[in-house]
Amino acid sequence: MAEVSLKGEQRVFMTGNEAVAWAAVAAKVDIMYGYPITPQNEIMHYWTRLAPKYGKRFLQTEDEISAGFTTLGGVMSGRKAFTATAGPGNVLMQESAGMAEMMRLPIVYVIQQRGGPSTATVIYAQQETTLTCFGGNGEGHRIVYSTATHQELFDYTIKAFNSAWTYRFPTFVLGDGYQAKMREPLTIYDPEARGEELVKPTALVGENHKDKQFKHLRNTYNTEDELYEVVMANQRDWDAMAAKVIEWDEKGCEDADVIVLTHGVVSRAALSAYEQLRAEGKKVGYFRPITVRPFPEEQLRAAIKGAKKLLVAESAYGQLLKFVQSAIYGSTIEIVPMLRPGVGITTEELVEELSKL
Amino acid sequence: MAKVVKIALAGEGGQGVQSIAEILAEAANDEGKNALYIPNFGVEQRGGVSIAYVQISDGPIGAPKFKKADILIPLSPRSVKRTQTYAGKDTIYVYDNSLIQEGEVGDNIIGMQYFDVTPPCPTAEAPNADLPADMIAGEPKTCSFTKPGPGVDPKDIPEVKKVIAIPANDIAKNELHPRVFNMIILGAVIAATEVLPLDTIKKALETKLGDKFKENPELRTMNFTALDRGYNLIKSAM
Amino acid sequence: MQELKENNILQPAMPSSWNEETKPHKFCPGCGHGMILKVLGETIDELGIKDQVVFGCDIGCSLLSWDFFACDSVQTHHGRTTPVITGMKRANNEIIGIAYMGDGGGYAIGSQHLFNAAVRNEKITIILCNNCNYGMTGGQMAPTTLPGMKTETTPYGRDIEQTGAPTKGPEMVAAVAPEGAYVARGTVANLRQAKGFIKKALENQIAGNGISFVEILSGCPTNWRTNAKQTWEFIEKDMAQYFKVGELRTPQKKEG
């Protein structure tokens, strides 16, 4: 059997967790910090096995709070670093994400969503969407990619590092337990061999050279006015970044009566349902935010112009729905929610719901 | 839009359900088709029944799980009862009709978050001690405790397009080896559905277990014989 | 197991503090949890405290004990069993608070809570099952993983230069807990002795002396990938060499 490697373009058949580990190697990440929690453990398992061969480092910390902050330490010292978690671990990682938002630190988190709240299930949900986009005591100055396939897990993990290091916002790859554990084919590759640029990391502190200028970094301020300036400056940078980073996919919305809106793995079912119903002659449209943060608001408003109904389907109770409602405020389109917290949504179920509308 | 073949397999821990699912998916992938395999997993899985979902297509595949299977393969009387919901009028149904069945593990005896069903039984004093316990690709060291049983109650079999019964457990125990039970089933499934060529399956097995086959050529013979046996049994009946 | 029970070939009477409906229990064959919980159940019976006990369990394999006892039980979050039981006892000191956890819940994510509960001498009983790995999630390294031991996150063997040496939990608690603490380490290889430690731990809480902490060396053949013989050898030889069995702190006898 051909050994898996990043030489040339290799088509492989592996689990999502393994794909993430390979993507981090492909992105020339230096170090991973992590703590066990299902369903993302295998990312660490593969990383620790690949580590000696590719000269990578790893630390298993005492918990997720530490994993988040040790990763911040890693990026501050100019190394590409990441961590991965799920569920209650994601909750703990929000403290570090808040620090990253304030101090503009290029940290990457891979989230494999599981049921919530609390321990719930180790299997699957889309119930960490709000948490991943807005967790912490800030304004959600972060980038969140919601993947649907293994190829995207690979591609967007690499992209997450580029986005983080270019725009200096904490960046998340939002997967889920199904993606983590299922096996499907993808092509793994060396991005630089494809002519894709990998953004080089630079250190904030800790470099020792002749003309060193020392830095004092802080995330605390004295007065309301000071804080206002800082947060607004971050907001302006975030808005400028949003225009360049937003990604979405849409099909058939121009003449659609009903549009199905989903994100992440549910989009696979939505796409299949869209194709099936279109083949039957039904005027269905498909819209999928790939970045759930920043959310493609303008693009969604344009896509729903001619449609009468918008079916929003998610494996959560209203987390994606709230983003949609906020994005299209003022529109009179009828929103039909399909809310299934913690439960998978199949193509058949979407076809059934869409057929009713 | 390319057709997607949806295959659901179910069985007791120790029957090697996840292994045949993996081989099916990998064989399809080797053929250049699109394949998706997902096991069930989780602490609170209801019951000691292991379920695997495999989808094969020339085009894209949608959600990882599905409601109705095109091919449904429950390998124990308990799985037959619990997978009725996956059967539709177009389903091809393959089951084991031996009077030898796998021991059922109580529903509440589950624990691990990474084994989909019964945890392995390394403290058991080696059932099947004559073969390496990890002979079946990827299968953890689950124990296999077959015992005589009443077999599947025909009343439990749902309304489907076609039903294929194969006494795989009997054949495995009496003619071949208990551990290749799942290979017999796999051969039968290929014969009944022609979802993939038999040779592709053999190639996938070779790729997966190549190293172990090299160490012990007996294993290759055993597995391939089982595959052929299941295949021929169904082909000759058709 | 069901057959055995129906034919009355099962082991002698269960402790009455056991919840009969959830037996046979969910732990793997050869798991130490079943043994520890059995002697804990017997001790609860002998002390007659079944109705005062609130049993807290952590995440990981300890979580499987959530419906094990015929006592009030609370499954908490990973590492948070100590603070939850602490909070309960502080609010209602009539209860007998038992916090049950594994090596992660006590020495990794729960370590700050264990340390502080010890410093404050919280009048609760903490029982920790040490099996040198994170079992439930697939066998990753634990704070107590032995040097050189292979786990899913130390696939080439634990390198103590990189990861530190195995945590000695009872020693830490013994070092910081004030007078009135009871601290011991037992082993499933000597259940009679372990039961004795657990009994003294609970008596220490009943007497209101201070914190009681008992670590029990335990087996995990599933993740160690050992057979019965190898499992016992690992507990009795390898683990016992690193983690000394015995009592580390007992309350001083009061004068008069």
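To keep things simple, chains are lettered A, B and C as they appear, and every chain counts its residues starting from 1.
The rule we apply is simple: a residue touches a chain if its C-beta (ideal position, glycine included) is under 8 Å from a C-beta of that chain, and two chains touch if they have at least 3 such contacts.
Every value quoted in this text rests on a predicted model; they were computed, and no experiment measured them.
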From subunit A, the most remote chain by mean C-alpha position: C
Per-chain CA centroid nearest to the all-protein CA mean: A
Length of the line joining the C-alpha centres of subunit A and subunit C, rounded to whole Å: 38
Between subunit C and subunit B, distance of the C-alpha-averaged centres to the nearest whole Å: 39
Junction residues of subunit C, two or more chains touched: 63, 136-138
Of all residues in subunit B, the ones touching two or more other chains: 43, 113-114
Shared interface positions of subunit A, touching two or more other chains: 38, 41
Residues on subunit C engaged by subunit A in the complex (per definition of touch): 59, 63, 75, 77-79, 104, 108-109, 111, 134, 136-138, 140-141, 143, 152-156, 163
Of all residues in subunit B, those that touch subunit A in their complex: 1, 4, 22, 25-26, 29, 34-39, 41-44, 60-68, 113-114, 207-208, 210
Sites on subunit A touched by subunit C in the complex: 34-38, 41-42, 44-45, 48-49, 52, 58-60, 62-64, 88, 118-119
List of subunit A residues in touch with subunit B within their complex: 1, 13, 38-39, 41, 121-123, 178, 181-185, 265-266, 268-269, 271-273, 275-276, 279, 344-349
